[in-house]
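The structures considered in this document are given below.
Below, chain A partners chain B and then partners chain C, in two separate complexes.
Presenting the complex of A and B:
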């Protein structure tokens, strides 16, 4: 069976030979126009005058459009229609598109766009959490509060109490391929859209609105992205809509891609958060009650801020059983890029809050930070006892039935030799006045499913041709994560054939409609199941036909090892397909899947929003230079739970990449806006993502040997987002190293740049 | 970019003549100037490329022992050819930017540009180098005049830089992690007649000599000698990569590291 095999990424050879085709590699049709946005240079105000004549007369310019020139809807929001494609006179952040130029080349369009003369009536922008709170700039009608138990009483009665604040920055997606779209106009006003998107159906929906046509007039195709990380869930709408409007207006094909600076300036990023905590605990570090205030800057438009902030609340417990908890979430509107989806979707921010609390408690009590985490863990249920025990519920009332972090933690600590290394680090630190080592641990329990329940559905379309070759299509998109290969492995396994017989094809709204974004780590869970259903339909039809032909019971038809065995007869899959075709069997089927057993009352903050949880644990050792704050990751050990892996090679790759990206978020990646609201870090010369040389020198990643107690595709688990959280172990290792310098808790904030580490060292010393 | 003409003379004399035209500008490796043009922050009528002039290229040792580097010599060439004579300088050149920058960018371009975060100005100032142009010779102490400002006249070309070779020296750069420019860099050079310490990346006034440290190190060339000194954060740069306090702090740390490595 091809599932569970560590097959390489299906496009690996194409990636490394440059043959893999991204949107910008599609041969451009004749007469193609290229677009660029003219954007706001101020963060908040009104356009008082706009002279676009110099733009119109610039070389190569064919059309210049403002909001007034748009034929139908002027909106690219994925949520509440508050995000005009082109400004309607007010501007809300530096970089907001105001007009769009169509020209004969990419560079002609960009050059022309720079020639606009726009004057503004400027207003003081709202940029910070404090400014937004003071101005009452709330999304979602004010703060949202979810709670369990009696937090105030628990805090008052607790033997120890701590308050603290954690600030964490946002994060630029830095997909290697920036945003791109191309639209080819068709007869009768229809369009075909090629988009670098995680969400083809959303592109279809927004383009249809922009053109004033039904969705059936728009077909969207997406073969692959050069990285997405959530940044291509909603942010591609603007490019696709602009291209479509101009394609229909001019009758010419139209392409748009963002230059890196434009991409970083225009598009949204991970939400930054401030988390204030007030926690009561006993002598063992067990939390008695906890109050979290989560503040996040959502930027100028709603976009996905509500579900992101919800997920931060839903992960405020991480792996810990909280009897009394109150989580208050402030979703703030600011004059910055509209913060958007990013791997983890708010989950990491929520988790980071309680992980800091664990560390802070441990330091206060002089206990091992891992021991404090262990006393707070949810009860280990084990799959056998699933559903049998009560009182193991999250703050939102969901029973945790599949918790396995006790065993995982013990194995990790044993394999990574924690106790000895901790002692060795203490010795080493005692001898070394300047360099200090630190070791940090972080576990993750991550909820899998879209919290908007209806999104948990997927479709697939499978054809078997008369030569036995298989054509596979589903609603998921490929962004390098290996989804297509995993689903192809599922299809191959259902037919008992080698994966090379399965042709992987571009995501296409004309083949599989009404898809959800490839997001929430749910790609293989949903699309794998849908593909399985489609394959099984065809396989059953084939089996019935063959059983009848060979006069044998249908149960004795087996598809395995590239053969079809019908009773005592054996044939190749190819022969079986040909026979079924000749006997007029339909060899094409759709498949559909919806995740079972979900119920979620968002208003109350109660229910079962997740189908299951994924787990992981990481231990990281670092060294810091106490004179400068410079630091290196020396070693990381990870055990991560992907259930019964569909493809251990791809899953390990996801875990490794997620760790590095998570560590980057909390260490070197720093977004800086100035007091005018201009993003000053909008290129790789100022914004530092981890490079290959920044990964741990020793990097041991192991997949947990287990299976999903829930009936997921081959009992596997989602992998995209959960391991991102393991990067926190690097942060807590840095904090531990700083703590080795003095008696105080270092109160390190993120990103832990060298300068922040140095300040933490000073705070530790007091 | 705005439109411009380009010339590629083969002698210094022709280059000087070409630079006589109004708004003409020299083009070295283009690693600074080309991005500047792309952002339309400069509008020369004519670029005079210095890359085809053999007289401007190469590394040699003068009779007085000074290391002479042609103004059009790339960082990569200095990294390779100065290593035997002045290892600290070669190491500095080898740590600039990335291979593409090192194979195009030149010492003359770097010194003419005098970026406050550039590496070469620290080497030139700490070595008491002589900047040789088509017209004259200048001591490094007179040459650097603040951010992006030098004593060069309009159209004047750096033809050579002469570095007296110290007994011991080292350059320590705290890299801004994204661009690898110096967030703060310190070049320490010990000569028979005293120690010179030049700091780049830190001050709002550009490269400067830390004279207290020079005095202390001239008396006692050890990292401990500067332990008692402190650098004020007044006048230090503050930007997205670091505060003035942090830079002031790094000046001392990098100085000690340089002394230890020298």
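Presenting the complex of A and C:
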């Protein structure tokens, strides 16, 4: 069986030879037009005059469109029609598209766009959490509150009480391939769209609205992305819609690729958060009651802010059983890019809040931060499933029936030699006045499923050709995570053939309709199951045909090792396919899957939004320079739960990459807006992505040996997002190193840049 | 517009370019060699690395006209003459040194340049050398491993994994 094998990424040979095609690599027809947006230079106000003549007369320009020129819907929002493709006169952030230029080359379009003369009536922008709260700028008509137990009483009765505030920045996706779309006009007003998108169906939907045609007139194809990380869930709509409108208007193919600066200036990023906490606890650090106030800046339009903020609330508990908890979420509208999906989708922000609380409690009581975490853990799944423990429920009323972090933590601490290293670090710090070491731990329990229950569905289309080769298509998209490879391994396993017989094909709305975004880590769970269903339908038809031909019971038809065994007869899969074809068996099938047992009442904040939880734990050691705040990660040990891995090599790669990206979020990656609302960090020269030399010097990653107790595809678990959270261990190690400098809790905020580490050292010293 | 000639992957090639046309655009648009990627447009990410007269160059920092008459090698020219994968290419495949693959051509070109000058680099040297190549997906672990393997060194000890 090819599942569980560490096979390489299916596109590997194409990538290493430069043959893999991204959207911008598709051969462009000779008369192709290229687009660029002209964007707002102010954060809030009204356009009072716009002179586009210099743009129209610039070399190579073929057309310039403003909102008035759009024939149908002027909207690219994935949620509530509040995001015009082109401004209708008011502007809401620096970088908002106001007009679009079509020219004969990418550079000609960009140069022309810069020539516009626009004047504005400027208003004072709302940029910060405090400004937005003061102005009452709430999405979702005000704060949302979910609670469990009696938090006020528990706080009042607790032996110890602590209040604090944690600020955490957002994050630029920096998928290495910036956004791109190409649209080829077809006969009768139809279009074919090639897009670097995690959500082909949404592109189809928004393009259909923009063209005033039904969805069946739009076909979207997406072979691969050069990274997505959530940034290509909704943010590609604008490019696809602009290309489509101009393609239909001019009858020419149209392409748009954001230059990196444009990409960073125009598109949304991870939501930044402020979390205020008020916690009561006992002498062991066990939490008695906790109150969280989560504030997030959603930017100018709604986009996905509601489900992101919901997921932050749903992860406010992380791995800890809270008897009395109140979580209040403030979703704020600000004059900045519309914050969007980013790996973890609010989950990491919620988790980071309670991890800070654990750390703060431990420092206050003088206890080991890991011990404090352990006394607060949920109960293990063994006793829970055996009925020996009850009340193992989340703040939103879901029973936790698969918790294994207690065992995983024990193993990690033993394997990474925690106790000895902690003592050694204390010794080392006592001898070194300037450099200080620190060690930090972070666990993750991450809920798997879309919280919008209807999104938990997927389809697949499988053909077996008469020569035995297999064509596989499903609704998931490939952004490097290896989804196509994993699903191909599933398909090969169902037919008992080598994975080389399975042709992986581009995601295509014409083959599998009504797909959900490849997001929420759900890609292989959903699409693997859908592909399995399609394969099994064909396999059953083949088995019935062959059993009848050979006069044997259908149970005695087996597909394994590239062979089909029918009773005592044996044939190749190719022969079996040919025989079935000649006997007029349909060798094509669709498959469909919907995640079972979900029920979620969002208004009440109660139910079972997740099918299961994924777990992981990390231990990281760092060293800081207390004179400059500079720091290095010395060692990271990770143990991560992917159930029974569909492909351990790909899963480990996801864990490694996610850790580095998560550590980047909380350490070097800082987004800076000035007081005019201009993003000053709009290129990798000013926005620091982890480089090869930033990764831990020692990096041990192990997959937990287990299986998903829920009936997922081959008992595997999702992997994309959960390990992102493990980067927090690096942050807490930095905090620990700062704490070694003095008696006070350092109150480190994120990202822990050298400047913030230095301030934390000062605070620790008092 | 002027006609520019250079040897690309062993073949004489020519195409039209303005004085300000970047080498990366010339390769991608005039010669249809789209394996050289544009990741940042501003010489930070390394996705566009090619070899010009044997030196690794970010093709977005050089004008096409500056490469007039030069010997240019892109990722498309890195396979063995019989079309099989070169040692470096094979190592990236075998050690999972890629995910989305967008950084891969630049990584391969940088790795080749490193190994030409330093056939047995230490792990620290590899990491330092690759500072100009960003990968957002892999966390670099398997990239370092692949390059160490391509240099014929034992990778079982890379980062103690």
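As a convention for this text, the second predicted complex is superposed on the first by the 760 of 766 C-alpha atoms of A that agree within 3 Å, B and C clash if a C-alpha of one lies under 4 Å from a C-alpha of the other, contacts with A are read in each partner's own complex, and residues count from 1 in each chain.
As a convention for this text, contacts are C-beta pairs under 8 Å (C-beta built on N, C-alpha and C of every residue); 3 or more make two chains touch, one makes a residue touch a chain.
In this text, all values refer to a predicted model and were calculated from it rather than measured experimentally.
**Student:** Which term applies to chain B and chain C once both are placed on chain A by superposition, clash or fit?
**Tutor:** With chain A aligned, chain B clears chain C, so fit.
**Student:** For A:685, is the partner it touches chain B (first), chain C (second), both, or none of the two (neither)?
**Tutor:** Both partners, chain B and chain C.
**Student:** Just checking: does A:226 make contact with chain B only, chain C only, both, or neither of them? Give me first, second, both or neither.
**Tutor:** After superposing on A, A:226 lies in contact with chain C but is clear of chain B.
**Student:** Of chain B and chain C, which one touches more residues of chain A?
**Tutor:** C
**Student:** Look at A:16 in the shared chain and tell me whether it touches chain B only, chain C only, both, or neither; answer first, second, both or neither.
**Tutor:** Second partner only.
**Student:** Once chain A of both complexes is superposed, is A:268 in touch with chain B (first), chain C (second), both, or neither?
**Tutor:** Neither: A:268 stays clear of chain B and chain C.
**Student:** For A:660, is the partner it touches chain B (first), chain C (second), both, or none of the two (neither)?
**Tutor:** In the superposition, A:660 touches chain C alone.
**Student:** Which partner chains sit in contact with A:672 here, chain B, chain C, both or neither? Use first/second/both/neither.
**Tutor:** first
**Student:** Which partner does A:346 contact after superposing on A: first (chain B), second (chain C), both, neither?
**Tutor:** neither
**Student:** Scan A:758 for contacts with chain B and chain C and give back first, second, both or neither.
**Tutor:** In the superposition, A:758 touches chain B alone.
**Student:** Check the superposed model and tell me the shortest C-alpha distance between chain B and chain C, rounded to whole Å.
**Tutor:** Scanning every C-alpha pair, the shortest chain B to chain C distance is 6 Å.
**Student:** Per the definitions at the top, what is the overlap between the chain A residues touching chain B and those touching chain C?
**Tutor:** 684-685
**Student:** Going by the contact rule at the top, pick out the chain A residues touching chain B in the complex.
**Tutor:** 627-628, 630, 668, 670, 672, 680-681, 684-688, 754-755, 758
**Student:** Which stretch or stretches of chain C touch chain A in the complex?
**Tutor:** 25, 28, 32-42, 44-45, 47, 74-76, 78-79, 85, 88-90, 92-94, 96, 98-105, 108, 126-128, 130-131, 133-144, 159-161
**Student:** Taking the touch rule as given, give the residues of chain A at its contact with chain C in the complex, in rising order.
**Tutor:** The contact residues of chain A facing chain C are 8-9, 11-22, 24-25, 27, 107, 173-178, 224-229, 259-261, 479-482, 649-650, 652-654, 656-661, 683-685, 689-693, 695-701.
**Student:** Taking the complex as given, what residues does chain B use to touch chain A?
**Tutor:** Touching chain A: residues 174, 177-179, 240-243, 246, 249-250, 253 of chain B.
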